[in-house]
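Shared between the two complexes below is chain A, which has chain B as its partner in the first and chain C in the second.
Presenting the complex of A and B:
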């Protein structure tokens, strides 16, 4: 029962936000439109997709007891590879099939970049925080080396049509985000890999003693987050068609914020993909809601920071029993 | 005999590898470009590394005590904006202490949350990164800050003037480095910082007030950030709201490069200074050789991983991790 209660905490928060902004919006909003109308909510899901898709991967990596700070750089690098590869002469005869090639190349690059991170973490034994801090710089350097400080653009209308297509009003980014959430959730709750990932994050020594091969599991999780960062880039840049070398900076911090808000522990071993979905929605709701009642971005930053700390504090107070810390 | 000698050399490399790498880099760049070791160039590098370096000194305390500080970049933006704004309102003589007080109040808040409430430092400072950025934007209303009378103020002394031919930023970081190094290596407080970071439980049982030590480390870090903000504001006499954004990760890179363990309990001020200088000279050397500024990112990546890897490898006695 308790894990379900913890998972639903974030949804309680989401509902609270909805009520607050709907009521406050009546008095403070500059527009006549209601906060909770369908269009607004659909837009909200669509806007959460880029951060949200990466956050799913971050949840897995953090459950596994690691962290990945390089996702923003992977996001940008894969976007550049996707847009640029469509212009390569060898693919000239492919017509619109070149879109598919670009997507696959981007996803593959994301997996390779994740693989590099994972292999370094596994084989050198250096902490994932340091490894990915390094590759955050390194991958960003590669982004710049690719095309200098110029933006990379490639507007392909077929691609834009696919990226902005909708089924019953639900647009592609939302669909991809939801499908990914379900798949990653299944991976973490219904497969051996997921179970082992929790075990490794909870107690690495014990996992080793139980005969779990810790290294390969960690590497696969880094490959997964690399793939998801690339997928996020594919979804986002297929529509926009242009990427700046600084795009995706600070994404890692937004992603980690969403994941922590969802209740995943930095120390590993506990967390839920569905709760991360809730965390992503909660943050986006906060941004939109504060905008709705006329607050500026400054207020959004302030509030998100304070909420993050408050969540940490509440979580600690609620989970104190059984793990009473050393009092000083 | 030869074996022991090889082993000694290996141990020396493992222990002082970062210094050896530093020297090799310097020789390489010096051979590639004659100007690299010129006194002007060296002064220039040290001077431009001063702001990053000053912050890194404070973060070294936090890291040794076993915590992290990701909020220093936002905090530096905050102190820069505040001191520039107050400069015109209440004059520089009052603006500087006021800015120090405000910045250190933020540091005290973080210290309270991490030290006394024992919250995870990574998330607390991540939250503060966002919150302080919001605070800065609210304070400035999103506008750039500028001093009205740029030519007539003595405020530019800290960032632009020289004393006895040495630029003030260099004097500031040198003085601060010596003082903090003494504090860390020669006082009971310094020993407590190592003890808390090395083994918090053991430190508590031996009567060390862990919470207070952590609190003090964040206060020192905030003080250093305030100094950095002062140097930055004084150098440019005007600033955007985002001036310190991203500094936190560069600072961490320098501290890690210096050999401080993120698990706490190890690292020195001297090594951090070396880490800062390595980053500064690599950046400068690559530019002098004619490479674009972003090449340094890739080089830094390789160096950080190698430095930490060799350090760990030396401690465990084998190159690759034994994890299956």
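Presenting the complex of A and C:
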């Protein structure tokens, strides 16, 4: 019962937002289109995919008791690798197959970058926060070394077609996001690796005592988030075809905001992939909704900040009710 | 066959910074033998077992499993070699189910690394049934009581075909009924030819369950005795180097005015309509089964729970206690039951832990005065015989019993008017136990009002001027120290109301 209650909190919030913006939109919006318009909602899912895909990985890493601040930098670096590698002379004869090569290289790079993070955290025992703060700076440095301040571009129309393809109006990014959500959810709820990740985040000493190999589990989760950050880049930049060296900056904060909004604990051991999905949608709704009723970006950030604190406070109240209550 | 030890440790040395925890200890357990390991707090019992369980690596010495040399690289490694370790401190993940905790590290699998939930729950439920636990294995461990958490720990001993099982103070938070179940399990293990190591400070248990007793003192091996051929006194001598001081008989202190009075206090369905008085200079013992509501009353008096009805009077004046800060302000101190969760900041050093509640009074100018803190620490270290290389040691590195002593010292040093101690001697060795009992009596004779909550009958009988017997959240009967005895106390806590015998 309790886990469902925890998850439903974020969905309740999403419903609230929908109602609010639909009603408020009637009075305040400049456009005469309804907020809950189907196209608008489909667009919303598509727009939330880049942050959302990474947030899935962050959920796993945070449940495991770690954090990864380098995701924004991995995102940008993998985007560059993808777009640039397709122009490398050795792949010249491949025709459109080069797209596949670019994708695979990007995904592989993401995994390697995650692997580096994970191995450092495991082998040095330094806190993941510190390690990935370092790698965030380091990986971003690599991004700038690649092409200076200049954007890296490579527009390939076949690739754009694939990236913008749709099934019944649902576009590629949305499809990828939803499939990843399901897979990561299965990973965390159904597999031994997932359950061990929860145990490690909850009580690391107990996990060690029980003979769980803590290090390898952590490393795999860093590889996973690296992969997902790269996948996010693949999905996004296949369509846009151009990456600026500053792209993905502050992504880590948006990602963590979404994950925390979904109720995952910063201290590890508890959290839900589905609730993170809800958190991602909730943030995107808020952005779009506030835009719809005419608020500017500064306003949007302020409101999201306030709501984050309010929702977490509510969540705390809700969850405390369930347990036998002790005053603090 | 049976003359090959199930496990053997030879000349084990283990040092920590500033501590030589094990100084060449040898120890062996035969298959089908229950071997009790005894020693004072900090003697090195847990450390020795952690070496065996792969948690610590020995500096020197060898380990043999069935006379095969073995190196325990990690807990996983130890487990795969058939050594199961039930830890002194609960080692559980609260956000996972009981079943997942029982099989932590060895969840049953299906293809693609999926968890085989059906098998997991079936097997776990079977084990819990064998332990006569009535809760569902799907329940989150965080929602279980301490006693049930302990049962989950014990359940782990039954998941694998163990060659040796180590129980490190498994009964610290168990009721008598659960103890019986535990002893059944240990007897089963014995007849299956498993070697069992049993660590406890409770002599009655040691003499009930063990075949052999080995004693550690200050990190070295002091000898072994066959349980059937020895007695408590001999064991104690080996343990602390002398016979136990006969505890001073209780001299009822001069009873002063009423310090604390409780009228019709209730808290939801935890306890109802509880009324009692505690005078200055008096020790009132609360006895009852785990779950009888004693801890909850203490928590209410300390401002941790809001009462649903009733009054609390201090020195005749009604007070509302909404938080521990207010309770401390009123001169009430609580030594909590769960030292790890409620009593200690494990990462902080000994001195800081002990002075935590009064730190704002120990300042020199804007800064906390180290000198004043150390003075307090030294005083209670001597008084309680706390074993630590110095006040700089992190509390998390102390032995279990010494951690408990830090908690007690912390609240004693507050010089409270009303002191509530909840299971004060859990995990404390026999020598220090007597010391703590004397300390409680001393406090009373100095005019403090003391409430002692305990599940150990001898302890309650020993320290109390009056005994309050509780059952299912109600006070069944109050006894004076003259009229109370084991029989009527047992009756009262099982809910049998007897009229006062004249």
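Just so it is clear, the second predicted complex is superposed on the first by the 317 of 328 C-alpha atoms of A that agree within 3 Å, B and C clash if a C-alpha of one lies under 4 Å from a C-alpha of the other, contacts with A are read in each partner's own complex, and residues count from 1 in each chain.
Note that in this section contacts are C-beta pairs under 8 Å (C-beta built on N, C-alpha and C of every residue); 3 or more make two chains touch, one makes a residue touch a chain.
Please read all numbers here as calculations on a predicted model, not as lab measurements.
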{"item": "Contacts of A:137 with chain B and chain C, given as first, second, both or neither", "value": "first"}
{"item": "Which of chain B and chain C A:299 touches, first, second, both or neither", "value": "first"}
{"item": "Chain B versus chain C as contact partner of A:269, first or second or both or neither", "value": "second"}
{"item": "Which of chain B and chain C A:195 touches, first, second, both or neither", "value": "second"}
{"item": "Per-residue touch tally on chain A - higher for chain B or for chain C", "value": "B"}
{"item": "Touching partner for A:205 - first (chain B), second (chain C), both, neither", "value": "second"}
{"item": "Partner chain in contact with A:313 - chain B first, chain C second, else both or neither", "value": "first"}
{"item": "Those residues of chain A which chain B touches in one complex and chain C touches in the other", "value": "208, 213, 325-326"}
{"item": "Contact footprint of chain C on chain A as seen in their complex", "value": "2, 190-193, 195-196, 198-199, 202-203, 205-213, 269-270, 323, 325-327"}
{"item": "Complex interface listing, chain A residues touching chain B", "value": "69, 120, 122-127, 129-131, 133-142, 144-145, 148, 208, 213-215, 249-250, 253, 256-257, 260, 266, 296-309, 312-313, 316, 325-326, 328"}
{"item": "Parts of chain B lying in touch with chain A, wherever the complex brings them together", "value": "70, 113, 117-120, 122-124, 126-138, 142, 200-201, 204, 209-211, 245-246, 249, 252-253, 256, 262-263, 292, 294-302, 304-305, 308-309, 312-313, 316, 320-324"}
{"item": "Contact footprint of chain A on chain C as seen in their complex", "value": "53, 55, 74-80, 85, 87, 91-96, 100, 104-107, 109, 112-115, 140, 142-143, 156, 299, 303-306, 322-323"}
